[in-house]
Amino acid sequence: MMLESPLTFAENYAKSRIALFGAPFDGTVCYRPGARFGPNSIRGEFYGVEPYSPYQDKDMESVSVFDCGDLDLPFGNTGRALKMIEDFVEKLCGEDKLPFMIGGEHLVTLGAVRALRRKYADLAVIQLDAHADLMDAYMGEELSHAAVMRRIWELVSDGKIYQFGIRSGKKFEFEFAKKHNHIQKFNFGGLKAAADALGNTPVYLTVDLDVLDPSILPGTGTPEAGGVSFQELLNAILGLSRLNIVGCDMVELSPIYDPSGVSTAVACKLLREMLLML
Amino acid sequence: MMLESPLTFAENYAKSRIALFGAPFDGTVCYRPGARFGPNSIRGEFYGVEPYSPYQDKDMESVSVFDCGDLDLPFGNTGRALKMIEDFVEKLCGEDKLPFMIGGEHLVTLGAVRALRRKYADLAVIQLDAHADLMDAYMGEELSHAAVMRRIWELVSDGKIYQFGIRSGKKFEFEFAKKHNHIQKFNFGGLKAAADALGNTPVYLTVDLDVLDPSILPGTGTPEAGGVSFQELLNAILGLSRLNIVGCDMVELSPIYDPSGVSTAVACKLLREMLLML
Amino acid sequence: MMLESPLTFAENYAKSRIALFGAPFDGTVCYRPGARFGPNSIRGEFYGVEPYSPYQDKDMESVSVFDCGDLDLPFGNTGRALKMIEDFVEKLCGEDKLPFMIGGEHLVTLGAVRALRRKYADLAVIQLDAHADLMDAYMGEELSHAAVMRRIWELVSDGKIYQFGIRSGKKFEFEFAKKHNHIQKFNFGGLKAAADALGNTPVYLTVDLDVLDPSILPGTGTPEAGGVSFQELLNAILGLSRLNIVGCDMVELSPIYDPSGVSTAVACKLLREMLLML
Amino acid sequence: MMLESPLTFAENYAKSRIALFGAPFDGTVCYRPGARFGPNSIRGEFYGVEPYSPYQDKDMESVSVFDCGDLDLPFGNTGRALKMIEDFVEKLCGEDKLPFMIGGEHLVTLGAVRALRRKYADLAVIQLDAHADLMDAYMGEELSHAAVMRRIWELVSDGKIYQFGIRSGKKFEFEFAKKHNHIQKFNFGGLKAAADALGNTPVYLTVDLDVLDPSILPGTGTPEAGGVSFQELLNAILGLSRLNIVGCDMVELSPIYDPSGVSTAVACKLLREMLLML
Amino acid sequence: MMLESPLTFAENYAKSRIALFGAPFDGTVCYRPGARFGPNSIRGEFYGVEPYSPYQDKDMESVSVFDCGDLDLPFGNTGRALKMIEDFVEKLCGEDKLPFMIGGEHLVTLGAVRALRRKYADLAVIQLDAHADLMDAYMGEELSHAAVMRRIWELVSDGKIYQFGIRSGKKFEFEFAKKHNHIQKFNFGGLKAAADALGNTPVYLTVDLDVLDPSILPGTGTPEAGGVSFQELLNAILGLSRLNIVGCDMVELSPIYDPSGVSTAVACKLLREMLLML
Amino acid sequence: MMLESPLTFAENYAKSRIALFGAPFDGTVCYRPGARFGPNSIRGEFYGVEPYSPYQDKDMESVSVFDCGDLDLPFGNTGRALKMIEDFVEKLCGEDKLPFMIGGEHLVTLGAVRALRRKYADLAVIQLDAHADLMDAYMGEELSHAAVMRRIWELVSDGKIYQFGIRSGKKFEFEFAKKHNHIQKFNFGGLKAAADALGNTPVYLTVDLDVLDPSILPGTGTPEAGGVSFQELLNAILGLSRLNIVGCDMVELSPIYDPSGVSTAVACKLLREMLLML
């Protein structure tokens, strides 16, 4: 009758392949904070999700996931928070776990990619997102959720970032993306081709939940009208199953803006599908 | 200037063909209660719905519906609540009314089907729903909203249940459905063929509103991402107009989870279309 | 560091082509009031919208808009409120501005059309809306949001009103529309043909945001299930770019019914696209 | 099993002494509309209130109240709405009923007082309210909720209005009140003395629920910090039991601003106490 | 970095004196369900409460509490749920733990008292509550939250129940209480005298949070205006510190009705004070 | 008809005595963010506040306040944000304005005090607050809202800080306060004596709105039950009118947690009273 983490499917950390953890940080969000509540909200509701997926005809029992809980990140010190994420992911990699991070704002991705890039020199990044996040700096700060893909580009360099679903950004962000990255506006067109091209390259997959239409997931900090449907996002994710994914995250769920609780339910279902796909 | 039930279209009970009533019960809901508020919420908002349907080019004036009000169901005694529903539907059937029940949780359907099955030995059931509801028992209880279709299958036996839109359940529920019922995952594919096959068989139609995508109807107890659109559900319902429907329900509206009021508005519009279709 | 209206893009009124203003009136709304909060809510959130549109590949810097603020409309006196709108639009027209009004309830459109009809004898009106709004009177009142298009028809006469997306109304409203106006039920079919036919005719464009499905925009007074998607509305609006639009409005955002803030975000994005399209 | 108004305690209108009715009008509210939803919300929740009052040791069974339902007031025409209230109250008075009106905004009181003043030449008015409501006009309109007590003063003249709990108004409103009315700022001090002085004078009692502190009743259009407690208001009302009250109202409940439902529960309990006190 | 129950202060169960557990049951609630979410909500927020009490000048470190988690109670079977509570409390008593139950609706108290009454033949019950809960049956059901104190009276007999703060009930409930129990209406008058009289008698303390004014705790199923303040309740509880309390509960927090989160914060602070007081 | 800041009472900056500005920063809030929305929410609602105070019998026309708007503070860089506040307050002081800052989280006070301490060597600080805020560091960070008064103590040294209303903190915070500051737990006892003792000493007044009971102001990040009433806080503030106040702030309004809007209304009314008191 003890309280158990509903995500602890593996008997223990040692036997698990996937190590899930929360990064409840939203300190650089300029518009509407609240992504810090994402991991807790997902944990609280995940027990309500059926373990069986009729989409993949697989059961959660077949996946060995260990829930490491949340990192205890400091508010008000962005650099230190990112370093803690980086160190934790490095530790997980050293123990041959596949890190699966639940944000938090999108900037947390930078911490994880820093650690993985050291391990995989040819790391590619697939980003499903509404926003380009390619600002050089935001309000004078280089460590900002609006600049996270720019910082990551500095790490992985040209041609290594694949952006899909992007429907918001400055004009120069779209120009930057066209020049330095692979970018698909509005939808997931070209995802299959990208997956073919990537072959066995190690890939980090970052899913910013605001790629979904705000009608599907209103609980996010910066809702952008005109997004993809749940089915489209699900199909996109399932289409990545044969890739060599070495790290993964799901960010920007901000449950306080959705009193219906639907946003968290959507995130939980996507989490199940992503865990089954990996 | 007296308060009148806005649904009382028939001059009186005697002249009506359809007898509408509420079953405000949600006592076995394990996740989020609130379906008890469904009937009251629909009554309160139905006056805001136009009586004319541009979809069917028909007017509510052409339908003789009598609103019997709500059953006064006890909380904490599931068996007695179901018996009261069963008795009431039996009485309506005895007086040649077509019963139209507004839930309440999905378990209330069992009460209505028990009464109708006695009258119609070859009763078939069409279920539009996100959930298979085919558990043998839930938390040790056989009378549970998660087991309602299993209980109904025990009454009507193999081949008599048609399930559409199902996108959630245990693995064995999907296997059970494939073996004993007709099941269509995710959507309404095959509905026309089913309607053809049913011909003049007496049919009970149960519409669990969570078959809709939660973006369309967030106000429900167990929202499941990836549902059908309003137009798809409407088309499905209109496609059943030539069937011999002998009883009907609409369940699982839980308005407290949708502060926008949209869920109730959606339910009211569907109710109008269902009443005009019958 | 002074508070500035975030919509003041033109250096000053004199240099602007488009004059934006709010008409925060919802005095005849019979169902759910709150459209009065529309202009303020849009102004408060517009700063969060990217100035660049990836749909049109244009930037707000290229548009000369001046935000005139809100009209100070009296509550409880419908006639006077409409007269104030009419006078203000007349003044803007006299100074060769293109008036862009943010409602408020739909009745405010009547004030604007009265002024423009005096200037343009052959004025046509394109209405994107869920409701026909063609009642002769509502609760005995001729000045009602449910009668606004009937009042406008009295001004512009037969064949001058183009109604799209209409999915709610009395039977006789649909009949009236078929006889006196151009009407397209449910969607934007025939919009291109209408645009072709209109050629250089001066056009007033009125966008009632409830034409969108309530899942996209729950924050409106009279939500109607079965509406169009954001992408469909956006495409429809972009398809009008070659018309001779002489006045424009966006009405019926009622942000108090959407605690997620998504409705205002949707309205802001549409406003950007409409301003860039003009 | 028919839907009945839960407030219909008298067997029928003929046998009742108190005639309760709703005036769901909020057309002149300049700040936050929603008082129109007051009567419906109170009716919907009144069944949850115990009929017995431990404060007065009386039971609702001892009171003969008839619920006349709501007046069907037009939005957008203030004058006509007030005339309908006036006519209805006149009719009730003619049939020797004590009218008890549930608002709606405070302006509805004017309609009721107009009718009662014709019957009772020496009518006095007791107002429990946060706001003085003594503006000469508001935004140019004389028929405004902010001017209702000024209009009533024009009817009943000097020394006939007793204002208690007032904590908001223009400086000249307080000066006007001191000169022409009896006014007690902030609380109910002097209420007993006033009751003594009134003796058998016919009294209209108007309770603006915003006299309560907003912590007690957040669901109102113009919340004013620093109000009285529930117990203080209850004591004040019970202290009026020996007066010759010939008409009564309770206004400005706006339930949409209180998602907890507490405001309606408070109003229902006060309604019970007022009905038992009369 | 593992997820830990924030209430697990004792190193392990064996070393603890107080055994806390949740009883997330609200199956007999007739009005507004949601008390099932109480235990989870308190656990989720308790980490935000300071361990130190400036009221008692004590720290949580000085208390040995073990959080047993939640009982897995079935919905739809009231009898079985109560039996599970009874069995669990019996087990705790057998292991010399002081049981502290977090509801759930008030009926759960019956399960705990059944177990404790077997152990302590002279068990007295102190109830701080807005409602008398002395109905013989509710809607025909004897196992109802509105009848819980009647069922408990059947167990402990006359003179053993002390009711404080009661401000709602049928007339005969107040008469019953006066005859068979000790009752104090509205407040905690006489609590000190009762504590003196009880001396070393084993006492079960049940705190129904709706004894607080709904302004203090709006998140409850049946809010009753006119309740006590936080300070009054705190003082009352601290005044019981010298009693021989052998079991304890806190019930009827229903967090879904309070979007501000304040109700849960109030409950957490009271929980801290109660744990420090025991 | 231009949008104007509703707080701009002075004709221009030069003629004003009080310079009001917003510090929309909440980057170190560990529990519930949202204080960043405080300044905007207050500005949006201040127009609804009567300019006249019946408490002080004064009118806002008699006060010369200039609203400087909001500082454009970076998220994710606490040090730089504080420096911007410090620089701005220094500039205001240099131009002989009395700075009145609207937070934001409580840490913003540090920026203002840093500037004022340079100007006034004997600066004292009066803090009305629920929390001691005397941690040495929080989650390893010295710049935290939980440590703000500790940082300020380092600036002004022993005996210069007066803390009132404190009801939450670690044990050592209370001990620290007793040793180094003046502290009054729970209420404003001793405020008059402190005011007498301060005489003409330059005083910075910081009002953390969470000193109010959460029933009065639920819209704050860290609600603490058992707070003071509106009237008590108002009296305390009015009792400081004869002090030599050289700077002032009001912090921790977080309007997103209060859908009723009451919290902002309370803050606006307090702001009026504070401006009239200065």
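We call the chains A, B, C, D, E and F, going by the order they appear; numbering starts again at 1 in every chain.
Just so we're on the same page, a contact is a pair of C-beta atoms (placed from the backbone, for glycine too) under 8 Å apart; a residue touches a chain by one contact, two chains touch by 3 or more.
Computed from a predicted structure; not experimentally measured.
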- Message: Going only through chains that touch each other, how many steps at minimum separate chain A from chain E?
- Response: 1
- Message: According to the touch definition, list the chains common to the neighbour sets of chain B and chain E.
- Response: A, D
- Thinking of A-E, which of D-F, C-F or B-E forms a repeat of its interface, with over half the contact pairs identical? C-F
- Task: Mind checking chain C against chain F and telling me if their interface is mostly the same residue numbers on each side, over half, or mostly different?
- Result: same
- Query: Among the chains, which has its CA centre at the largest distance from chain B's?
  - Reply: F
- Approximate Å spacing (C-alpha centroids) for the pair chain D, chain E: 38
- Calculate how many whole Å lie between the centre of chain B and the centre of chain D, each centre taken as the average of the chain's C-alpha atoms. 42
- Item | Residues of chain D engaged with two or more neighbouring chains | 72, 213, 215, 259
- Item | Interchain pairs in contact, sorted by label | A-B, A-C, A-E, A-F, B-C, B-D, B-E, C-D, C-F, D-E, D-F, E-F
- Task: Report the residues of chain A in contact with chain F in the complex, numbered from low to high.
- Result: 26-30, 33-34, 36, 72-78, 80, 107, 139-141, 143-144, 256
- Could you please specify the touching residues of chain F with respect to chain D in the complex? 48, 50-52, 54, 57, 59, 213, 215-216, 230-231, 234, 259-262, 265-266, 269-270
- Query: In their complex, what parts of chain E are in touch with chain A?
  - Reply: 1-3, 5, 21, 40, 43-44, 67-72, 259
- Note on the structure: The answer for chain E against chain D in the complex is residues 31-32, 166-171, 174, 185-186, 213-215, 218-219, 222-226, 257-259
